[in-house]
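Each of the next two complexes has chain A plus one other chain: chain B in the first, chain C in the second.
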Partner chain A sequence: MPQSRTAQRKRKMLAFIGNEALFLGVILLCFIVIKIIPFLSSLIYSFTDWNGVSGEVTFTGLENFKSMFKDKQFWYSMWFTAKYSLATLILTNLLGFFAGYFLTKPLRARNLIRAGFYLPNVLGGLVLGFIWRFIFLKIIPALGKVTGFPLFNLVWLGTPETAFWALVIVHVWSSMGFYMLLYVAGFMSIPGDCLESARIDGASAWKSLIKVTIPLMMPTFTRCLFLSITTSFRIYNLNLALTEGGPFLSSEAVTMNIYRTAFTENRMGYGSAKSLVLTLIVIVITLIQVWATSRKEVEF
Partner chain B sequence: MKAIGGTLSREKRNLKTLNIVFLVLMVLNLFPFFLVLMNSFKSSFEIAKSILNFPEHIGLDNYIKAWKTLEFPKAFLNTLIVTVIGNAGLIVFGTMTGYWITRSRTHLFNKLFFWLLLASMAVPFEALMVPMMKVTRVAHLNGSLWGLGVSYWGLGAAMVVFLTSGAVKSIPYELEEAARIDGCTRFATFWRVVFPLLRNTVATFTVLNVFWLWNDYLMPQLMLGRTSELYTIQLAMRSLFLEYYAMWDVALAALILSLMPILIFFFIGQRYMVSGIVTGAIKG
Partner chain C sequence: MKRVLALLLSALMLAGCFACTSGSNEAVAQTEAESTEDATVTAEAQTTSAGEKRIVNVFTKKREWDWKTIEARYEAYNPEVDLVVDATDSTTYYDLLKGYLASGDLPDVIQITSGSTMDVWKEYLVPLDGLEALNTMPADSTAEFMADGKYYGVPLFAELHGVIYNMDYLNKVGWTTTPTTLDEFIQLNEDLIAAGLPTGICPWSSAGSILGHMTASVFSSHDDPYAYMNEIIEGNVDLTTDEQWNALYDYLDATLKYGNADALVTDSTTERNALYTEEYAWYAHDGSWLTPQIKANNPELEDHIALGVYPFFNDASKNKIGNSLQGMSVMNTAHTEDAKNFVNWLLGTDDGCDVLANVCNVVLLKDGFELTVENVGALGVQGMNYVANGQAYNNFRGFPTEIQSALMAAIQKYLAGTSTRVESLAEIQALFESCK
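Entry: the complex of A and B
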C-alpha cells in the first residue's frame, strides 16, 4: 500500500520535527540570541561608527581598522596581554605539572593537599583581586619593614614592571590548582604497564618521566595549554580589581581596553572592531598551539 | 629479599617526607586567606598599627557594617536566584540538547548545530559582549535576574552539550530501545532511562557552572549594573570597594562574608569537584 507508506513516512517526519523542537528548541533559541546574532552583528558593527546609544549608524568601511593601527594604547595592551599569557602559561603549567606528578603518588594526605591547592581557584576574579590588593598594599610593606627583604620593599602595584608581575603571581596562585588536577588526570590515564616495562628496562624515575610519561601525556598538554591561553587572554576581573589598569594604563589588558572603548568612550563600532581583531588573534594562536602540540601526540 | 625490603622502606620514607613537604606548601599557599581573616576583626587603627599580629579582641563591628553596606541578604538572594535559574536551564535543556544531538547526529542540521556550538567555544565572551547587550536589551533580558539567568543558558550551552554528548555515547543504545518497545516516547525515554545515567556528568558540569555563575562579574555588571536593587554579591563588593576605598576594616570583613557561601559549597562539593574535574578531563 504505497499511500499508507507515504502517510507513515509523513507521520514519522512530523514526529521527528516535533522531537527536534522539544529537545533542541530552548537551547537553540538561546544560542542564537546570545551567540549567533551578537557574533554576526559584531561583524557588521565593526564597519560602522555606532556609539551604542543613538539609532544613527553610518558605515565607515575600514575606518575602524585603520585607526586601530595607529592606536598605540590598544597595541600596548595587546602586547601586555600576550606577555602576561606567556608568563602565566609557563608558570601555571610547570607548577601544575610537578604538583600533579607528586600528588599522584600514594601520599597519606593526598586528597586534602589536592583540595587545598585547588581552593584558591573557586574565588571569583574580583574577590581574588581585592584580597591580593590588601596583601600587596598592606601586608608586603609591613613585612618589608620587619624583615628588610628587598622583594618586600618594592611598591608592587605602583610601577608598570611590578604591577605586571603582581597580576601574574595572583593568576598563578589562583589557577595552578586547576591545572594540577588536569595533570593528575593525565598521569592517571597512563597505562601502568608502560611505566612498568620502562622500569624493567632499567630506566630511572627521571628518565621514564621524560621518555615515557611526557610523550604519553601530550593530549593533556594540548588541553592545558589551550585552556591556559584562552583564559589568560581574556583576563578582566582580576585586572579590574587588582590594578584597574594602573599605573597610567600600563597594566591595561586588552579586554579592559575594549571595555573602555565600547562602554566608557561609547565607541561601540570601534570596540567591536577591536574585539574582532582580538578573537582572530586568539584563534590563530590557539590553532598554532593545538597543531604544534597534537602533532607530538603518540598512540598507546 | 633484604634489598627489596630496603628499597621499600626507603620509598616509604620518601613518601612520608613528600607528604610533609606538600602539607607545608599547602598551608603557605592558603596563608593569604588567613591574613585576610585575621585582619578582618581589627579596627582600621589596629590594622595600621599592627597588621601582622593577632587581633587584640575578636569583635564583629566590621562584619555588621559590611553586612549592612553590602545589603548582604538581598545580594545573596539575587546571586542565588541567578545561579539557580542558570543552572536549572543548563541541566534540563542542555542535557536534552546534548542527548538529541548525539542520537540523531546523521541529520545535517544537528551536525551543523553541534559544530557551531563547538566553534563558539573559541570565540571569547569579550568579543561578543558589545552587541550582545543590544540583543538582550531588545529581548527584554536586561535589568532582570531572570533575564541574566536565561542568558547563561546560551553562554554555557556549548560546554554542557559537549560533555553530555560524550557521556551519551558511552550509554548502550539497547537500553533505550527496550524502553521504546515498552511504549515510552523519546521524551520519556530520555528522562527515565538516559538522564539517571548522566548523573556524574551533570554533577561535574553543575559544580563548575555554580562557581562560574556565582563568581561572574562582567555579565551581571553589563545586564544589572544600572539597578542597585538587583546587585549580586560581586557587584555589591565592587561598589563597596569603590565607596570604602582604602578603609580595609569593613572591606576585609566584606571579603570574608562574600567568600562564606562559596567556601561552604566548596567543602560540600569538594570531593565531587576534584574527582569530577579529573574524570571530566579524561573523558573530554
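Entry: the complex of A and C
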C-alpha cells in the first residue's frame, strides 16, 4: 500500500509538472530567448569594447562604467529623461484621473468621449511624432501668422525648452486616454455602498473623493504610476520622430543616447553599460514608487 | 477533459510560434519572388528557379534607383545568376546590416562609404584587387577605398554638392553666373532683397550635412587630411584662429543672415521640396543626388538650375564644391565570385554603366563614359566640370565615430546662437582632443 501511495504521489507530481510545462513552457521559452538572453548578453558586453560588428571582443573590465561617469551628454540625457518622466507622470495621471472621474458619471455619449480620449493611444510613437512634427513646424507657425498669439509664434522644435515641452505635450495627449481607462476601471471597482455611506454621513462630493475614492483607488495609482515611469523612461520612437534629439542633442532622451552610442557610434560595449545603468535606475525608482504607493493601499 | 484542453492550448501556442516563423520565411520568399522578373510565377517555379540559379544578394540604400531594370539587364547578361536586391533607407542602412550580420545572413554586395565606416566593416569584406572596374576609374577615386594596401571597395558614383541656385531668380537681378566668393554671395542676397525676391533656405536641422559634406574643404584642402586631424587631436592646431574653420563659419553666418529664419528646424526634405517648387533663389547645401527627383518632379528646372561652390573665402580660387564618393563592396560570403562579377559588370562595363547613368541618373566615374544633362542631369554635368577643373574637394571620411554627434551639436549650438564662434570652435577642438 505505501508503495502505491508513493507511486500515486509521483504520478500526481509528474502530471503537475507536465501541466506546468505544457502551459508555461512555450511562454517561458519565448521569455528566455527574447528577454533573458539579450539581457545577459548585454551584461557581458558591458564589460567589453565590442563595436557591434567586429569578431574581436576585448574584455575591458569596468572601463565603460568609468567612462560613463565622465560622459556629460549621457548624464544630461538621463536628467532630461528624469524631468520628462516627472512632467509626463504628473500630467498624464492627473488628466487621466479627472477624465476617468468625470467619465464614470452618467453622461450622454460617455463611451464615445472615452473612445475619443483613447484614440491617440492607438497611433504608434513614430506616426504620432511625424504628425506632430508637421503640426509644430507648419500648422502652428501658420496659426501664429494669422492670430499673432505668442505661443503660436514660438519655434517649438527650435529651442531646448520648447522642444522639451513639445515632447511632453505629445506624450500626454497620446497616452492620457490609456490612463483614463485604467482609472475608469478603478472607479468602477469601488463598491457603491462605501460612497453611499459617505454621502449619508454628510460628506460632500469633494470630501468623498479625497477621503473615500482616492484611498480606495491606491492599487490603480500604483499600477498607473508604475506604467508611467517605465514607459516615459523608455521613450524612443516619439523622441526620434519629433525632435531627433535636437536642437544640438538638447532633447536627446537616454534611450536615444544609448542607441546612438551602440549603433551609430559603433560602441556596443559602452552602449550596453549605459543600458545596464538605466535599467538599474529604473528598477530603483519603480521599487521606491511601488513601495510608497502600496503602503497607502487600503482593503475593503 | 482538463488534459485534453491543456494539450489543445499548448498545441495552439506552439502552432502560433511556428506560424510566426514560417510567416517570416514566406515574407523572405515573397521578397525574392518580387525581385524576379516575373512576379507571378508559382511557388514551385520559384524553388526550381532558385535551385538552378545562383543567387547574389545586393543590399543598398539607394531605394530610388530602378533596381528592376538593373536586375533585368544583369540577368540578361548573366542568366545563371538571380540578382536579389534589398533596398532600404539610408538612415537605417547600417543598423540593418548589423542585423544581417547578427543573424548570419550577410548580403553578398553592399554599398559603403570609405574611411571610418569601411574600417569597421573591413573584416567582412573581400579585397577587390584585380577587378577590371578599378582600372577604368581615376586613381585618386579608387584610392579612397584602399586600406592596408588593398581595395575593399569600388567607387559606385560621385555625389557632387555645393550651393544650388535657381538661375531664374539670379537672372532677374542681373546675375548670369553663380557667386564665386563670399562677398559676391552677400551682394547677390542684397540684390535679391532690394528687388523684393526671396533669398535662400538652409537645412541646418541636419548638421550632419555640414560636418559630413561642408567640412570637406576644411580637411581636404590639406595635403594629408588625416595628418591635419591628428594635429588637431594632439592639440597642435588652434581652431578658433584656423583660417579654414573660420571661413566655414563666415559662410554659415551669411546663410543665417540671409536665409530662412527657421533654419535650425529645416531639414533636407523641406529644403528639397522648396527647390522643386522653386520657392527660393539659393539652397545652402545640396547636390547631384537630386537629379532623379528633379526629373520626376519638375523637369523644367534642369534648364535653370546651377551648382555653385561653397563661397567660404573671398579668394575665388579657394572656393570649391564637395565630391562625396559612394562605393560598392563584396562581402565574404559563399557567393564572392558571382558578387565580384556583378560589381564588375555594373561599374566596369558599358552595359552596366549605361543603366546607372541613363536609368538611375548617377554621376559615374568610368573613364570616357559620356555624361550629359539628359542622363546625369545639369547638376551632375556641372559638378563634373568642377572636378575636371580641379574645383572639387573629396569628402573627409575620417571623423572618429564617437564624437560625430557631439561635433554636429557644437556646430548647431553656434547656429542657434547659444554659443559664440570661439566657444563653438573651442568645443570642437576639445572633442577632437578627447580622442587622444
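Note that the second predicted complex is superposed on the first by the 273 of 300 C-alpha atoms of A that agree within 3 Å, B and C clash if a C-alpha of one lies under 4 Å from a C-alpha of the other, contacts with A are read in each partner's own complex, and residues count from 1 in each chain.
We take it that contacts are C-beta pairs under 8 Å (C-beta built on N, C-alpha and C of every residue); 3 or more make two chains touch, one makes a residue touch a chain.
This structure is a prediction, so every number in the text was calculated from the model and none was measured.
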Dominant contact partner of chain A by residue count, chain C or chain B: B
Partner chain(s) touched by A:G124 [first = chain B, second = chain C, both, neither]: first
Touched partner set for A:P247, first chain B, second chain C, both or neither: second
Touching partner for A:T230 - first (chain B), second (chain C), both, neither: first
Contacts of A:R260 with chain B and chain C, given as first, second, both or neither: second
Which of chain B and chain C A:E196 touches, first, second, both or neither: neither
Chain B versus chain C as contact partner of A:Q73, first or second or both or neither: second
Which of chain B and chain C A:E161 touches, first, second, both or neither: neither
Contacts of A:A115 with chain B and chain C, given as first, second, both or neither: first
Chain C-contacting residues of chain A that also contact chain B: 19, 22-23, 26-27, 30, 52, 263
List of chain A residues in touch with chain B within their complex: 16, 19-20, 22-24, 26-28, 30-39, 41-42, 45, 52, 99, 102-103, 105-109, 111-120, 122-127, 130-132, 134-135, 138-139, 142-143, 146, 173, 178, 181-182, 184-186, 188-189, 220, 223, 230, 233-234, 236-237, 240-241, 255, 258-259, 262-263, 268, 271-272, 275-276, 278-279, 282-283, 286
Complex interface listing, chain A residues touching chain C: 19, 22-23, 25-27, 30, 51-55, 73, 137, 141, 155, 157-159, 244, 246-249, 260, 263-267
Residues on chain B engaged by chain A in the complex (per definition of touch): 15-16, 18-19, 22-23, 26-27, 29-30, 32-33, 35-36, 39, 47, 51-52, 89, 93-94, 96-97, 99-101, 104, 109-110, 113, 116-117, 120, 122-132, 134-136, 139, 150-151, 153-155, 157-158, 161, 186-187, 190, 211, 214-218, 234, 237-238, 241, 248, 251-252, 255, 258-259, 262-263, 265-266, 270-271, 273-274, 277-279, 281-282, 284
Residues of chain C defined as touching chain A within the complex: 6-7, 9-10, 13-14, 17, 94-95, 98, 101, 120-121, 123-124, 205, 207, 262, 264-265, 270, 401-402, 404-406, 408-410, 412-413, 416, 418
